[in-house]
Structure formats: C-alpha cells, structure tokens
C-alpha cells in the first residue's frame, strides 16, 4: 500500500517538474510541445471557418481536433494531480481556461445544430489564452506590460480626449451631411469620426457635400496635428526613462558600498561619501 | 421675516457647497450625478437618431428627455439662486450653455415640424459642453491643454504647411487627372490631397491615370517622409521639457559647495562629499 | 526737366519703401493687401473649376479676375520702376512668376478655345508661388526649412529604402495576385505597395487571393514596425539638437568674456578660464 | 607560350581592378554603368507587364532585353575569370544571383508558352538583388541596418504583440459580424484586423452591424493609443543612443583633473580651470 503511495508521490513530483518546471530540460521541452499544440489547435479552428478547406478536409480536421482535445485533457488531469494545491488551480483563471479548452468537444456529443457550432467555435478560441501562461510569452511581454502600466494615465487621457472629440465631431457631421452620405445616425457618424481620426479611413462612409468635405478636411488636419501631442507625450516619457536608465548603466559602482547610478563626473559616492577615484 | 431670510441664506449656502464645492463629499456626489445625467442625456440624443430604435422606444425616450430637462432646469435655478454674482453667471459661457441645455424641450411646445427637429437636436447636443465644466474633466485636460498651448506655434506652422502643400498638389492633380477620376474641381482635389497626406485614404476619389498614380505615389512618399519632421519637432519639444523637469526634480543643491544634479536618493554630495541631509 | 527727373526719383524711392520695405507701416500694409489679393485670386481660380458655381457667377468671376490682373500688372510695373536693378529682377525666379501671374488674362484675347482654358488655368495657379515671396511666409518657414535640410540625408535614405522595398514587394504581389485583384501590371502593383506602406489604403486595388492577403498582412506589419525606425531617427535628431540648445540656453554667461554654453556645474569659463562664481 | 599566359594574367588583373575595385576611377565608372543597366533592366521588366505598352513596343523591349542579357553574360564571365577564387564566387549568394539574371533569356529558346512566361518574369525580377551588391547601396544602408539590428528585439516583440492581438480581435469580429460584412472566415477576419490596426483601412471588408462597428471603434482607438507605446520605445532607443554619442563626441577629458563633459570648443577645464590644449 505504502509503495503505491510512494510510487504515486514519485510520479507526482516527476510530473510536476515536467509541467511546471521552466529551468529543466524536460520542462522546457514540455513547454515547447504545448506551445506547438496550442498554435496547431488555433490554426485548425481558423481553417474550419474557411469553407472551401473545411468541406474538403472536414474529416481530417475533426480527427486532429480529437487528438488535441485528448492531449489537453491529459494535460489538465496531470496538472491537477501534480500540483500541491489542486483546488486553487481549478478555480484560478488559467485552470478555468484549461477546462474550457477541452469542454466544447465533449459537449458536441450531447448538443448539436448549426446555432451551437458558432458558440462552440467561440469557446474553442479561448484556447488562445493558454499561450499567455507560456513562460516565453510572459517573460517577453513584461517589458511591454510595464511600459503600458507606466503610461496608462496618459493613454487613458488620450482615449478620453478621442471619445469626447468623436462625439462632438460626429454630431456636427450628422447635422451637416444628413443621411445621403451614409451618416444615418449619430452613432454611425461617431464611428466615421473614429475611422477618420485614427487615419484608418475605410471609405464605407465618406462626406459628399462640399461643407461636409470641408469640415472633414479640418478634422483630418487638426486631428493629425493635435494627435502628435499625446504621441509626443508617450514617446517623451519613454525617452527620459530610457535615458535615466542608460546614464545610470554607464556609471561605475562605488568601491566602498557598491552603490550605482552616480552622475558621470561624481567624485564622492552619493550614498556613503567614499572617494570614487 | 428675518427667520425666512436667514433660512433662505442657510439654504443658499448649503446649495452652494453642493453645487460649486469640489472638495466636500456632497459636492463630489453632485458632480458625479451631474456627469452621469449629462452622459445619459447625450446617449439619448444619439439613440433618437437611430431610426429602428427611435420608432420602437419613441415614448420612453421622450419621457426620459423630460426627466432630464426638469433636472437641468432645477440645477439652473439653484445655480442662479446660490451663486453670489448671479448676473455674471447667467451671461457667462457656461451660464448660456446651461440655459441652452433646457430650452429646446420647452420650445417644442410652441414650435413644431420636421425642419425644427434637426435644429432642436443640434441645440440639444450643445449639452456636451456642460461636461467641460466638470472638475474631473478640467483637471485631467490641464496637462494636455498646457502641452497644446506650448506647441501651438509649431502646430500652426504644421497646419499652414499642410494647407499650402494641399493647394499646390491638389491643383496639379486637378490638371493631371481631370474629371474622370473624381477630381471634378480644385476644391475636391484639395480634399483628396488632405485625405491622402493625412494617410486617411477613403478611396472615394483615387487617381486612375498612370501619371496621376505616379504623382500620387510621390506625394505619399514625400508626405510620409516630410511629415515625420513636424511630428519630430513636437515630440522633441515634449522630450526635452519632460527631461528638464525630471532632472530639476531630482536636483537639490549641496549645502556645502552648491553643486546641483544629485540623484534623487543621494546622501552625500558627489563633488565635495558633504552630507546632504 | 530736372524737376521732373527729381520728382520721378522721389516717387521711385517712395514706391520702393512701400513695395520692398518690410519694417515700415506702409510696407507692412502693402504686404498684407498683396497677400489678401493673392489668396483671393487663388480662391477665384478654385471656384471657377466648381461647375455649379461657375455657371451661376461666371460674369462676376471674370470681372474679379480682371481687377486682380490690373492690380498685379500695376504691381509688376512699379516693382520694375522702383528697384535699382530692374533687369536682375525681371529675370529672377520671382520676376518671372510675377509676369506669369498677369499673362494668361491678356493672352485670352488672342487665344481662345476649351483646350487653351486648362493651360491658362494651370498657369494662373502659379500665382500661388507669389506667396513664397511674402515676408510672413518666409520667416515662418525658415525653422521648418532648416529642420528639413538638417535631416535631408536621413529622409533621402528613407525614401530610397521605401522605393526599393516598393519595387520588390510590388513585383511579388504582381506575380502572386495576377490581374483579377487589380494588379494589372508591375507599376500598378508598386503603386498599390506605396499606398499600403504609407498606410493610406484607398482600397481601389486590394488583394483577393488568400496568399495575396497573407503577403499583404506581412507587408503591413513589417512596414509598420520597420517604418518606426526612420521616424525614430528623425525624431531623435531633433530631440538631441533641441536638448543641446535648451541646455546651453540655461547656462549663465561668463562675467569675464561673456561666453555662454557652460555645463550646469561649471566652475571655470571654458573659453577664458575665469572663475564663474 | 609564356607571353600569352602573362598577357592573360595582365588582362585578369586589369579586369579585376575594373570589376571589383571601388576606389579607382575605372572601378567607379563600371559600378555606375552596372547600376544604370540593372535599373534599366528592372524598368524594362516593369514595362513588359503594362499591356498597352508591351503590344506597341514588344519588339524593341525584346531587343533591349537581349542587349542587357549579353552585357550581364559578359560581366558574369569576366567576374569568374578575374577573381582569385572563382569556385567560391560561383556558389556564393551573389554568384547565383548573377547566373539567375542571365538564365531566363537563354531558357526561352528551349522552353515556351504563357505559363512559362510568368515564371521567367519572376526569375528576371531577381536581378533587383544585384543592386544590393552595389557599393553605393551597401554603404548607405549600413546605418539603417545597424539601427534595425539594434532594435530587432523590440520590433520582434511589437510584431509578436500585433499577431496575437490580430488573432484574438479577428476571431471576435468573425463571431460578431458573420459572413454578411465580408468576414467570411477567421483568416479573413485576421486580415481585416491587421488592415485596421496598421491604419491602412482598404475598406474592402468593413463592419456593418452596430456591434461590429462599436468593437471596431474600440479596436481603432485602443490600437492607436497602445501602438504609440512600441513606437515610443523605438524612438526612445534612438534618441538616447544619439544623445550619448553626441555627448561623448564632445567630451575630451581634462589633462589636469580628468573631468569629462567639456563642450566641443572648450579651452579651459570647467572644473579646475586648467588649459585643455
């Protein structure tokens, strides 16, 4: 009895190293295989929506879907078995994502019909969030995440400014252009304003009256000139942070206390007062 | 008699604190409710222009409009009563906006007809400007306003440059493309040039002759390269201001030798080694 | 005889002050009136191309054209009379522009026909270049001109890079997409590439095959990421120049020799070696 | 016998100087002529695809093609003869490109047919890569290449981020919009997302449902705000590098006290007052 338990314990620890370890060879291999299968899975869901391809290779896609689902099911069971706090994992964000990734295929037995298909497909796409857990992704995105958090306030003001401008300009254009040019309602006009201010410019809605084209021209030029301001603010934020970091990178540490970040012509350490030369 | 006057005075002061106060709990609550009602009001005017929605919920929208109008009317009367200089408020920009916000609904009794509707709707949209008075908005927009004022000169030169370029390029394209490609007049060609230079590119007008496409290509590449210059100027302006501010923020002069430029957590002067604290 | 000559000389000098002077009240007034008439003239040529407007007010526009032409003729004669080196002026760039500005109306007497009209209109539009001579314009554009000249090399490399990329990508898209998607020839494909790389995106030509859309997606993302590089170079150029200038602006002059541009914690003047404190 | 060999050796050396030399007058002339012929060759391949032009001047284009092919053949033979390690050259990247540049015309003797024409044309376009070997090009592109390599990591994260965002947003839009708005499959929706996020905005696919337009608006604003972040990172990278270089360029240490950071025309050390020259 004891041997089985200890055997299971040994198996649990080995599995834990493979699944959760990021510094061991087997852990890295597992992460790589998992990443490949997630991407393959997303690629298959994509191909299923391409009609010409789906009618031709429907059977093959279903088989691949089942193989992936079985793999994800095994991964889910092993994760629960090998982790120390399985309850915490099951109800965590990633635990729910892992469960959702395997549910749709099993549900397709009991439920059927075209209307269910779209929902099932939408749920399947949530598998993409499994990538976020991947160590490669999380380490690479930290820098970007930090940068986004640092300039969060400025981006919010920028978005806020864009929204207020869009409502005002959209309302003016609705009154000026009327329904002939495609400005059928104020929300539609606001949609046009956002499409224009962000310089996307689909052209599905565009002003046709001379006054509308004149106002649109002013909106474009003003927007183009004014939008350089928030962009400049964000860039300046990064440039100064980056510069401060670079300057501190190039200063030699204090020989006494090891403090870094001295200005380039410092004679004494700003922390302990020791002579730097 | 005196009691009524003093009671009214007490009521006036309480109202003043609620309406004009931004640091008291009741003042903040009032500002929040007012913001919510302004946004709701704008949202209703938007929905009224969506035909499918308006025909279905016309009655409910009218009722909501009346509730909002009564609230704004009460706010307007209380503002006049509680302020020390009511005449100044009534004829101020925000006083007129507040009056305009409530007028259209009362005018709809005496005036009627489809042509009036558009005008009434346009006037209603001026309620949006009530947001500008909101403390949240004004405090948040100060930074952006300052930045805009600081780079006003550069944005003006940029706009000026864009306009001159647009007139010259637009005129050339009108001569080259003629009326077949949609370049029916010089103003229309200028509109096309602005749409192109700002990279919006609707595609409602686009060159069809080889020469026109060739000139358009040059305009796009030149514009894309040259426009980086004003954008760079604005960004550089912010970057240097931001950097100077950061540097000066962290600089406290040494009490011994007066050297500046110490890092923010410096204990000893980097020049003479004197204790900074 | 002498009186007439001296009277003419006195008239010549007065006219010179009015026409060429930029610091006298009369000179400034003349510049302002001239600017107004140039803009009016350009505005009229624009309106002449708007069919609805031209048929309605054809007569009025012709009258205005003649008034402007007479004014420009007088200006041209007075410029020749009052300048010291008339021959040099007549054959200078601005002298030729001034002559061209008045010729079309006089030529319309001897020449006639619809085909002449377009040429005449194109010549009339050259009046726009008269603005370049205006002191307001030239002073304002100096900063931009300097910036453009400073980053000329970088803009050229950028344009060069864009062109090579456009030829390569355009050729690939021509082979991939074929004539169905609008990629009828390599020059047309290059036009599409430039429209796409500059993010203008008219949509008159857009890929329809899956492979074409895939390549177009790569082009857009790569282009968007790579194009940040030249933009960054230009911005960085300005930022550092602006920073150097700002730093030197804030340093106090040497009390001995008056040299400026000392670093913020300088003790001795770098030019004469005098003590700065 | 010896004379022929020495004559050939002398010819080989002369040819080597002309073909591979970049500092001699004859070498520079050869490079210039070669560049001109490459550009002419590319221009001819372009013109061949313009139907109206090709039918008119088909014969002339073929003759020019043959002249260019003979020139490139001679160049290829001389390169092999004059280089010291001909085998290494033949199997190098540029050696293969040079061979490919001449093959299609000779192959057109043995092979024929419309389907071959497209392949032949595609191969001919590879001649463009001959430009990359040109000294003018390689020297000019070094700065850009260095900048690209320096910010390679950041551009990769940026592209990676764009791809993940595009897959998620594209999938949401596919579920929301359905096939009516042109969102026929998830890959097509991803294509739309990339077209939108990069602000190209063709308009061949655009949302038509209110919810789709609402999500598209959020995508545009968010994308516009968030994309400023990676652009800011790249710009900041350049700005700091450029600034560091400028600062270090102007810094020569004081021979007396070793202080650095002197302005470029400093005569005396700002710290100890010692003569710097």
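In this document, chain identifiers A, B, C and D correspond to the written order of the chains, with residue numbering beginning at 1 in each.
The rule we apply is simple: a residue touches a chain if its C-beta (ideal position, glycine included) is under 8 Å from a C-beta of that chain, and two chains touch if they have at least 3 such contacts.
The shown structure was predicted, so the numbers you read here are calculated from the model rather than taken from an experiment.
Two chain pairs are in question, B-D and A-B; the one with more C-beta pairs in contact is A-B.
Comparing the residue numbers each copy contributes, chain C and chain D share less than half of them at their mutual interface.
Set against the C-alpha centre of chain D, every other chain centre is closer than that of B. Rounded to a whole number, the gap between the C-alpha centres of chain C and chain D is 30 angstrom.
Chain B and chain D have Cα centroids separated by 42 Å.
Centre-to-centre separation between chain A and chain B, using Cα means, comes to 30 Å. Under the contact definition stated at the top, the residues of chain A that touch 2 or more other chains are 50, 187, 190, 199-203, 210, 230-231, 235, 237, 239, 243, 265.
Interface residues of chain B, counted against chain A in their complex, comprise 42, 45-46, 49-51, 118, 121-122, 125, 128, 131, 140-141, 143-144, 147-148, 151, 155, 158-159, 162-163, 187-188, 190-191, 194-195, 198-204, 230-231, 234-235, 237-239, 241-243, 246, 261-263, 265-273, 275-276. The touching residues of chain C, when paired with chain A in their complex, are 50, 199-203, 210, 235, 239, 265. By the touch rule above, chain C contacts chain D in their complex via residues 157, 160-161, 164, 167-168, 171, 174-175, 184-187, 190, 196, 199-203, 206, 208, 210, 213-214, 216-217, 220-226, 228-233, 235-237, 239-240, 243-244, 261-263, 265-273, 275-276.
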